[in-house]
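Here the chain labels run A, B, C and D in written order, and each chain numbers its own residues starting at 1.
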Amino acid sequence: MGEKKSFWKHLKAWVDGEEVILDADKYIVSRSVKEKKNWGGRYSMENIKGNKKLYGFLSVAISVLFIGIMLSVVNDLPEFGNPSNPANNEVMERYLESGIEETGAINFVAGMILDYRAFDTFGESNVLFLAVMCVVLLLKKDKNNYSEKEEAENWEDDYFDENEKRPILKVGGKLLAPLIILYGIYVILNGHLSPGGGFSGGTIIGAGLILYASAYGQKKMQTFFTFRTFTLICVACLLTYCACKSYSFFTGANHVGYEIPKGIPGNILSSGFILPLNICVGLIVACTMYGFYALFTKGDI
Amino acid sequence: MEHINWIHNIPFFSIFLAMLCGIITALVKNGRLAFKIHSIMVFIIFVMSVILLISVVKNNEIFTFMMGHFPAPWGNELRAGPLEALMAVTFSIVMLLTVSGGSEFIFKDVVPEKQPLYFIMLNALFGAMLALVYTNDIFTAYVFIEINTIASCALIMAKGTPQSMVGTTHYLVISLLGSGLFLLGVCILYSITGHLLFPQMKEAILEIIKTEQYRLPLLVVTGFMFIGIAIKSALFPFHSMLPGAYHSAIPTSSGILSGLVLKSYIILGIKLIYCVFSAEVMHTLKITEVLFVFGLAGMVMGSVYAMRERKMKRMLAYSSVAQIGYIYMGIGMGSRVGMTAACFHILAHAITKTLLFLCCGSFVEDSGGKEKIYHMRGAALRNPLAGIGYTVGALSMIGIPLLAGFISKIYFATASVYSSGKMAAVLIILGVSMVLNALYFLPSVIAIWTPEKGVEMKPVSSVSPLFAVSIVGFILLNFVLGVCYRPITRIIQMSIELLAQ
Amino acid sequence: MSAGIQIILLVFLVACALAVSLTKNLFIAVIVFMGYSSIMAVIWLLLESPDLAITEAAVGAGVDSVLFFLTLKKVHYLKGTREG
Amino acid sequence: MNHLGTNFYEAVSVILFGIGFMNLLLQNNLIKKFIGLNIMDTAVYLFLAAKGYIWGRVAPILTDGIVDASYYVNPIPAGLVLTGIVVSVSVTAFSLALVQRLYMHYGTLNMDEIMKISREEEGE
């Protein structure tokens, strides 16, 4: 009888516009309690998660099942290192055989990612840019993201940066950072000739900057690298990238315009747009990596 | 310089324009200026997409656009046909209306110095969605899926409250799982076909089906890719990220995420079905059946979850789960009629759900940040325009004639006749889910129109003109889709014929 | 390249991954993950893709671990900095 | 067809993917969750890079002026993995920033506790 009555109440409240009329608050409480009994136990994900053992067992089972399926797939896949695999087809042949002629890059990977499939790489550098902007959105100080304690800690860190001796770190930083940055520049500039390229070189430069900043404190970095320079460099590089690639996409698709001179393969000034694009990517990546570091430590660049 | 076909350049221009605006916005310091740049950009893209749509429909063609100097198997490619153009038009118009209608929420909820960053994310998200719609290359699709993920997470957390951080973390982890599976699928697919572009892959896959050599890997790959896409588009068992994220985000973000971002993944899935795996292969591998079953489950369970919810935004999020279930059911029917219904429902849901989220956001704002339906009694009397918008949206979701939702349901019912063996299931579930939809939408509609006892409801005097324009625009769009649906369905049918060739 | 070295490296890789999963200490987990990345770089060198090796060495073992350590410091996990 | 013995790189990468996946599901600690995610990503990259290798060939950089496709390994997987690594480092940075923000407000790294506190704060 009680159940029927509650059902009637339910119906009546629904006709009246749910919890609008009558003892609304009490109704909500009673309804939620009742529903928990009926539904919660079995269907809600939270409850499965609450049941530690069941959840653990399920996830292990899923993973093991996954590994099993994948191993049987691997068993059926083309053989490792076999030259007659489907992946080694005319696409790869063209990249390797006409690559030098068509892109001017001796490093075929660089030629491939910055010329044949440059749209992907454009997306990739945008991912980096967006990621650093997200980190700015998250960690840059504002009224939602401020705590006294953290401020005090940051002040303490600054104090140590200025007054602590740290001879090994400082001397090491002074000696190593320029070398690391120089090596990074080498890797970027030789991206089309040797392994590496914009991304790896940029990361190396970023690592050098991080070393310098951690040895001498961020105050010193800020004398030549502020948030404004950071955004300016990123935006300028991305715009250059965007312009170069728009030009080559547009002219390529419509069969118009002038060819970019490819130069003599093997020279440092060769291979059309690849060198400037590598430099752009390298600068973006270097700024991004340092930007991550600065935002992670101080919440500001 | 003799002959440039400017119309064929439109997909490329739209993607690059959106990305370019995203980059330039980083230099802007003022949120309002960023908003203007964004709106102008979206409007230009809207005009271009309309031109593209008219042109491709008139010529009845699908064309590919070479990105760079190298033809198909070597370079990247874009591809545009009626479906892509129609989706681009829809995306741009919904984006335009949502952002202009929700601009007040952005300016109110996001910290002023970070507003330009929000618009960077919006621009990039828009560019990435267009790229997902137009792409003809599976790895490009992966890269832009990642851009989509990062930008949508940024949109969720832009509010800066702890709840939104929790929602973002949940969303991020589950989306990354989805893109990981998608990437694994891409890798295996590359190793058995040796190509990355859709048309070449399709040939290789037909070859595989003929020779039976890599049949198991092909089955598993298809499974992984569609599980990945299903996770990304929140098909039923993977929906757990939606409610928390949508609940804690700004209404504008919730509307865009639910109305457009989820749809962009589904459109990628549709393109994969037709351009890579081909409908027959999907049928022989029984993937469509699996999608069909999960779609049905999603339709019912999403509605059941929505009924239990007492907070309006979470209810709308669960309702999205149910509507995604409808779309997957249409895809899973495996017939072109079903696909037409699914595509039409994508449009209908995009314009309806964004409208609902915007109105809901405005109710929450009017009632002082309280979110339970119970607190919103009489909210529509305070803000009649939003009330009318919410009512129209809810009725469209339930499937009242003259509105967009009704047409898509009719199409689903018609499609079920053509797919043997699924008719009974579709019709029963469709009926049940319509009743469930009514059961959770009607109480909220009644609640917002019933004043609280003893409290006098005065209309809020200041409704911002942009908000009014966007709500009216959405309502009109709803009626347009509900009344003059013929040309649109004809375009969809045509595009599916073209895609399936 | 000899298959022996490769197999040893791969076994090491799996061991590192398991160690990351099983250890309770976050600091050790990050250090082991750094080792995992370095081994991955060596493996890529053996697979004749030096571009990947140089990138992974710079990113996985370099910047990624710096970011992880900074996060650990921010969440007051590292001993000797601040008690959490 | 039985290639499990020769495809040991792929087999290992699949196992690593499984381990990463398990970490993602089972670990409650956010940092370890994201390490698991990274392991998952690198496992996929290992898989892809292994697919590009061909026995007895050299890295795809012009050596001794030999222009012949049967002298170098496949450059495509290397290019794709390069893109992938960039994506994964961006995602890692983003997720770690999120972890910091979460810690600042909730004072813990345990996802379950965070969910519990946030639900209490919402007033359920």
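In this text, a residue touches a chain if its C-beta (ideal position, glycine included) is under 8 Å from a C-beta of that chain, and two chains touch if they have at least 3 such contacts.
Note that the structure is a prediction, hence the values are computed from the model and not measured.
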| item | value |
| --- | --- |
| Pair joined by the larger number of C-beta contacts - C-D, A-D | A-D |
| Separation of mean Cα positions, chain C and chain B [Å, integer] | 38 |
| Inter-chain centre distance, chain A versus chain D - centres from mean C-alpha coordinates, in Å | 12 |
| Separation of chain A from chain C, taking each centre as the mean of its C-alpha atoms, in whole Å | 18 |
| Shared interface positions of chain C, touching two or more other chains | 49-51, 55, 59, 63, 67, 70-71, 74 |
| Touching two or more other chains - residues of chain D | 1, 8-9, 15, 17, 19, 21-22, 50-53, 57, 59-61, 76-78, 80, 82-83, 85, 87, 90-91, 93-94, 96, 98-101 |
| Touching two or more other chains - residues of chain A | 70, 73, 76-78, 85, 87-88, 91, 95, 107, 109, 117, 120, 123-124, 127, 130-131, 134, 138, 145, 195, 197, 199, 292, 296 |
| Interchain contacts, given as pairs of chains that touch | A-B, A-C, A-D, B-D, C-D |
| Interface residues, chain C side, partner chain D - complex | 6-7, 10, 13-14, 17-18, 20-21, 26, 29-30, 33, 36-37, 40, 43-44, 47-52, 55-56, 59-60, 63-64, 67-68, 70-72, 74-75 |
| Chain A-facing residues of chain C, complex | 49-51, 53-55, 58-59, 62-63, 66-67, 70-71, 74, 82 |
| Parts of chain A lying in touch with chain B, wherever the complex brings them together | 14, 16-20, 24, 28, 32, 35, 39, 43, 45, 69-70, 72-73, 76-78, 85-91, 94-95, 102, 115-120, 122-124, 126-127, 129-131, 133-134, 136-138, 140, 142-145, 231-232, 234-235, 238-239, 242, 246, 248-254, 256 |
| Interfacial residue positions of chain D with respect to chain B in the complex | 1, 17, 21, 24, 30, 33, 37, 40-41, 44, 47-48, 51, 76-77, 80, 83-84, 87, 90-91, 94-95, 98-99, 101-102, 105-106, 111, 114-115, 118, 121-122 |
| Residue numbers on chain B that touch chain D, as the complex places them | 139, 143, 146, 149-150, 153, 157, 162-163, 165-166, 168-169, 172-173, 176-177, 180, 183-184, 187, 190-191, 196, 213 |
